Amino acid sequence: MEQLGKELLLDLYHTMVRIRAFESRVRDLAMANEIPGFVHVSIGEEASATGVCAAMRPTDRITSTHRGHGHLIAKGGRVAQMMAEIYGKRTGYCKGKGGSMHIVDFSLGILGANGIVGAGLPIATGSALAAVIAGRDDVTACFFGDGASNEGTFHESLNLAAVWKLPVVFVCENNGFGEFTPMQTVTSVQDIAVRAKAYDIPGLIVDGNDVVEVYRNASEAIARARAGEGPTLLECKTYRWEGHVVGEQAFLGTGAYRSEQEVEEWKKRCPLIRFEKFAAESGKISAQELKKIREETEAELEAAVKFARESPLPDPSEVTDDVYQ
Amino acid sequence: MEQLGKELLLDLYHTMVRIRAFESRVRDLAMANEIPGFVHVSIGEEASATGVCAAMRPTDRITSTHRGHGHLIAKGGRVAQMMAEIYGKRTGYCKGKGGSMHIVDFSLGILGANGIVGAGLPIATGSALAAVIAGRDDVTACFFGDGASNEGTFHESLNLAAVWKLPVVFVCENNGFGEFTPMQTVTSVQDIAVRAKAYDIPGLIVDGNDVVEVYRNASEAIARARAGEGPTLLECKTYRWEGHVVGEQAFLGTGAYRSEQEVEEWKKRCPLIRFEKFAAESGKISAQELKKIREETEAELEAAVKFARESPLPDPSEVTDDVYQ
Amino acid sequence: MALTNFVQAINQALFEEMERDPLTFVMGEDVVLSAFGATKGLIDKFGPKRVRNTPIAEAGFVGAAVGAAMAGTRPICEVEFASFFYCAFDQVCNQAAKLRYMSGGQARLPLTFRCVFGAMGGAAAQHSETVYAQFLSVPGLKIAVPSGPADVKGLLKSAIRDDNPVIVFEHGALGRLREEIPAGDYLVPLGKAAVKRPGDNVTVVAIGAMVPKALKVADKLAKENVSVEVVDPRTLIPLDEETILASVEKTNRAVVADEGHLRGGAATDLAAMIAEKGFDFLDGPVRRVTSLDVPIPFSPPLEKAAIADEARIEAAIRELVGRR
Amino acid sequence: MALTNFVQAINQALFEEMERDPLTFVMGEDVVLSAFGATKGLIDKFGPKRVRNTPIAEAGFVGAAVGAAMAGTRPICEVEFASFFYCAFDQVCNQAAKLRYMSGGQARLPLTFRCVFGAMGGAAAQHSETVYAQFLSVPGLKIAVPSGPADVKGLLKSAIRDDNPVIVFEHGALGRLREEIPAGDYLVPLGKAAVKRPGDNVTVVAIGAMVPKALKVADKLAKENVSVEVVDPRTLIPLDEETILASVEKTNRAVVADEGHLRGGAATDLAAMIAEKGFDFLDGPVRRVTSLDVPIPFSPPLEKAAIADEARIEAAIRELVGRR
């Protein structure tokens, strides 16, 4: 931890706090039926998105998933426009056409969340191919889940990226579940990273709740990619505190597919609390500094929700815009 | 070799000879434009189909590929009906509706050749699942190529078969090419068998031109499957003597993607000649016995071609039959 | 007699058919806990051998269902949302649909697919699509689009017993629709349309969730003495052309209403059939009421603008009866 | 001026457009050696960076083309046979087609797909299909079906320059068809139909390989003073309804000929449009000439029986002009 500068450390914390605050709001607003459609939150998984994106350049790109708010925020996504999109407002990132599962910010290299599990892997592979074709040195990071690692697109993408030595990092956020199905009941390996052997590429397992470890490993993988040494499969072990979809308790009840106790165990490994401990031990960062970040973020989110609420809905006439260029 | 009974050894040889004879005929007839459509022959690869199917029971099942004649013959397919199908005759296995790429014989557990690369893997997996559902102890063998191992269906099928411990053996016939593309230029591993690690199942590499070695390894894999111990990935290293598709020289010329010398090298490893040597060394089998088999087979093929030629074409009115049950 | 909702009706059909035939089994993503409730409770009665959560691998498990059907069982395979079929199109269109024909009739495919489809409020483009249009041009498949609890129960039971691949499309917005279902072993044959409401002035051929909408419009217009006949094809393949054409012969006017898109859609398919085979019956063009040809947007006002609704059905009817 | 065949025309278009824009590149199975010849020689001129053999992994490389398009390049992605698209339907239908809309217009997808399709003699069901019907109902895609060398060159060049996903369907039986191609940078706009032969008595809207067949029939019937106008839409999306309807307004009779299937097919789509928007022009029903609704069989006599041909076009025309 020492090697990392204070500014970076504070950024890592700020990003995690922002994700946590954003997702907590979204969860509550969805429970209050203020938000249409399904929302998937990544509370408890903030460190992987944060650590990976902190190791990237603004000109680098990411692909995300149905559980993408954290990835987008970590890559610089503006919470007000994200919130407005989730509200279906015209001021949202996609003018209300996409919603929670489809937020995109091309200016930040965010190629998009995606409603189709595993769809991001070929897209990220192609994004990396584009860098090679165009002679640029940008790198693409691809976020996906343990469940997605059983999709054929995982296999086809990793093989393609490996044979073409493409500048892409495949980041598997293994949170132990695909919807309500425990990972081990549908996945033939304990560690997704083992599957890197099938493509003769590096496969790393990291503690996905340790933002610094994620950052360090992601930095190496990204450096390899940028140097033309090809893809890496980076598995971040983590856990989803909330339901697969906000509100699932309504039709599943609680404890339907995992014990309260298991959830509580993981909450003890909260990436934010963990970072706060590190910070304290490091002596470099004061509790006040962290508190300030939390307070600023609360205000930022307050403003984002206000912006979203007060923004206009799209006009029905806009429905036919944006199908074609 | 000693452990294997003489009858079995003669059967192995007979099957390989039959495949070679059948495919040589088909190649010549296709070159003579006596056969419509594309034909893919497996000359030089006879040992893998033969060794695997010899280790199976009549009630076991296989799925095959676009290069399937050998698999079908090895599982007991009748050459006359196969030839008639390839000619598009009503007396063919599919009444002329399928052709070379779609021959099926349900009575023999042959679920079919397939024109779609990688399509047989999920089907074979489901065939194995059916045995579990129905409480039967039959096993399914799935033939596919090195190229198919890059399809997503490979990944999804092996994972599914592994988590459900299904009675299926995945037989990869690695002949070094997918169409005109050398395997190593599009495949991230040297040995497809390595990919078994991604599913935590056994992965074996065998000399695909040694019918006895194939038979031994397949027998073990099939025994494991039947015992409920799950799938195996069995890679048979072999080589395709002929073009990807009969007649490709017409548009590619020769030596377009591999050297004549490489082909000649592999012809020295001919599975039939090799078996003949073994037989001679074993002392158990006389040259006469082998000669007799070859002669009988020639006569059998002569009759098959005659049958196919003399059989009637389907009547146009049959075109609407068999779409639905 | 008790009212049953759409999802309960599906659940009943599954219990009854799995009870009836030990070679049936259910597979799909999260069928054990069942997000929508259709497969709820099956696990307790039939156990893990016959109720299987699959990995998220549509090509793999849909293809496995095809293989299992060919190898002597009767799979009931759930694809959570219709648009996930796109991940398994080869298995459905090149394999399930063609294997029987390509094998000269040897392959038997007693295979049922179930999926939820349609706009259900803010699910956005990848979870709101009406995908059956893409299967209409794939000979070898059968396609059922039930519009209510009784039909979904009867059609699903027939689909499960059918020896061909059948896809049952369950509209996500119908989940809570309730009605009485005839007691006993209730079957609705595949290929038989239903006249959901008799009328004389105009025929509305409505598909799936458009049926209740069309009935609402019919009620409203009845007060103005416009008599609307609502015909529900119930299955798109096989299609009961006779019942549809008989209605048009009587009314001389036809509207086809479907939630899918216009270009290449089911409404267009039925309209072309009516316009060609019913040409001499028609006093005016067959009007197609469909959703707009845009991906289904997320924001409620945009979604509403995109999706076919009562207002558009009503307008089409008024335009036709208003002609000359 | 020299005659150019269909495949040479494709090859010319690729050379010219890759020459023109360094961000274009070709990817697909065996594009280096090129079984059909369309990409022949590109490797020598543009090298392995821009001419890439892919693994046999359609979802992977088609999806990669989508990602590459979004990340600032202009991919030209070959899918050997149209029916292999089934292995990549999600990437085409859920991703390429929807990403621009779902992103509120942010995503730009300068992306061209090429594929061979259609019955070419004994290729059987999995290699003979006409797959564009399955894309008609997927807003966000453009679909071109050229009927000859000049059109395929001009349409493919326009497709490559277009900033939307365009699929160009190249009929395998047209490969050796030869004609003159205008010199220079020859472009055919997407969305502009062509009247391939003017006539007064009946309009035949013919798609792809049906165009030369329709022209043959027109020649034959001209001798009997039946004057047939042959209209080639050239692109199915966008569709030039104006040119088609103008022709029907003149002839009052329409036949739509397509090699695809009847149910949910392109002929059905165009027929429904003509029957609805051209209702007042029509003296008779719009006749649809399509292949039978069966998987395409292998055996030549069966394939011939399944596929739409001159005889069926002729019969449809005679029936229409024979009416009253």
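First chain written, first letter: the chains are A, B, C and D, and each begins at residue 1.
Here is the rule we go by: a contact is a pair of C-beta atoms (placed from the backbone, for glycine too) under 8 Å apart; a residue touches a chain by one contact, two chains touch by 3 or more.
These figures come from a predicted structure and were not determined experimentally.
Going by the touch criterion at the top, tell me which pair is linked by more C-beta contacts: A-D or B-D.
Of A-D and B-D, more C-beta pairs in contact link A-D.
Going by average Cα coordinates, which chain is farthest removed from chain A?
The most remote chain is B.
Would you kindly tell me how far, in whole Å, the mean C-alpha position of chain D lies from that of chain C?
Each chain's C-alpha centroid was found; their separation is 30 Å.
In whole angstrom, what separates the CA-based centres of chain B and chain C?
Going by mean C-alpha positions, chain B sits 40 Å from chain C.
What is the distance in Å between the mean C-alpha positions of chain B and chain D?
36
When you check chain A against every other chain, which residues touch at least two of them?
94, 96-98, 102, 114-116, 150-153, 155-156, 159, 163, 185-187, 323, in rising order.
Residues of chain C that touch two or more other chains: which are they?
54-55, 57, 59-60, 83, 86-87, 90, 94, 101-102, 124-126, 139-140, 293-295, 297-298
Give the list of chain B residues in touch with chain C in this complex.
On the chain B side, the touching residues are 61, 63, 92-98, 102, 104-106, 111-112, 114-116, 119, 121-134, 140, 152-153, 155-157, 159-160, 163-164, 321-325.
Under the stated contact criterion, what part of chain D meets chain C in this complex?
Per the stated touch rule, the residues are 59, 83, 86-87, 89-90, 93-94, 97-98, 101-102, 124-126, 133-140, 237, 239, 260-261, 263-266, 268-269, 271-273, 275-277, 279, 282, 284-288, 293-295, 297-298.
Tell me, which parts of chain D touch chain A in their complex?
23, 25, 49-50, 52, 54-55, 57, 59-73, 75, 90-91, 94-95, 99-109, 139-140, 142, 162-164
Write out the stretch or stretches of chain A touching chain C in their complex.
The contact residues of chain A facing chain C are 36-38, 88-89, 94, 96-99, 101-102, 114-118, 147-148, 150-152, 178-181, 185-187, 248, 251-252, 256-257, 313-320, 323.
Chain B touches which residues of chain D in the complex?
Within the complex, chain D touches chain B at residues 29-30, 32-33, 35, 37, 53-60, 83-84, 86-87, 121-127, 292-295, 297-302, 304-306.
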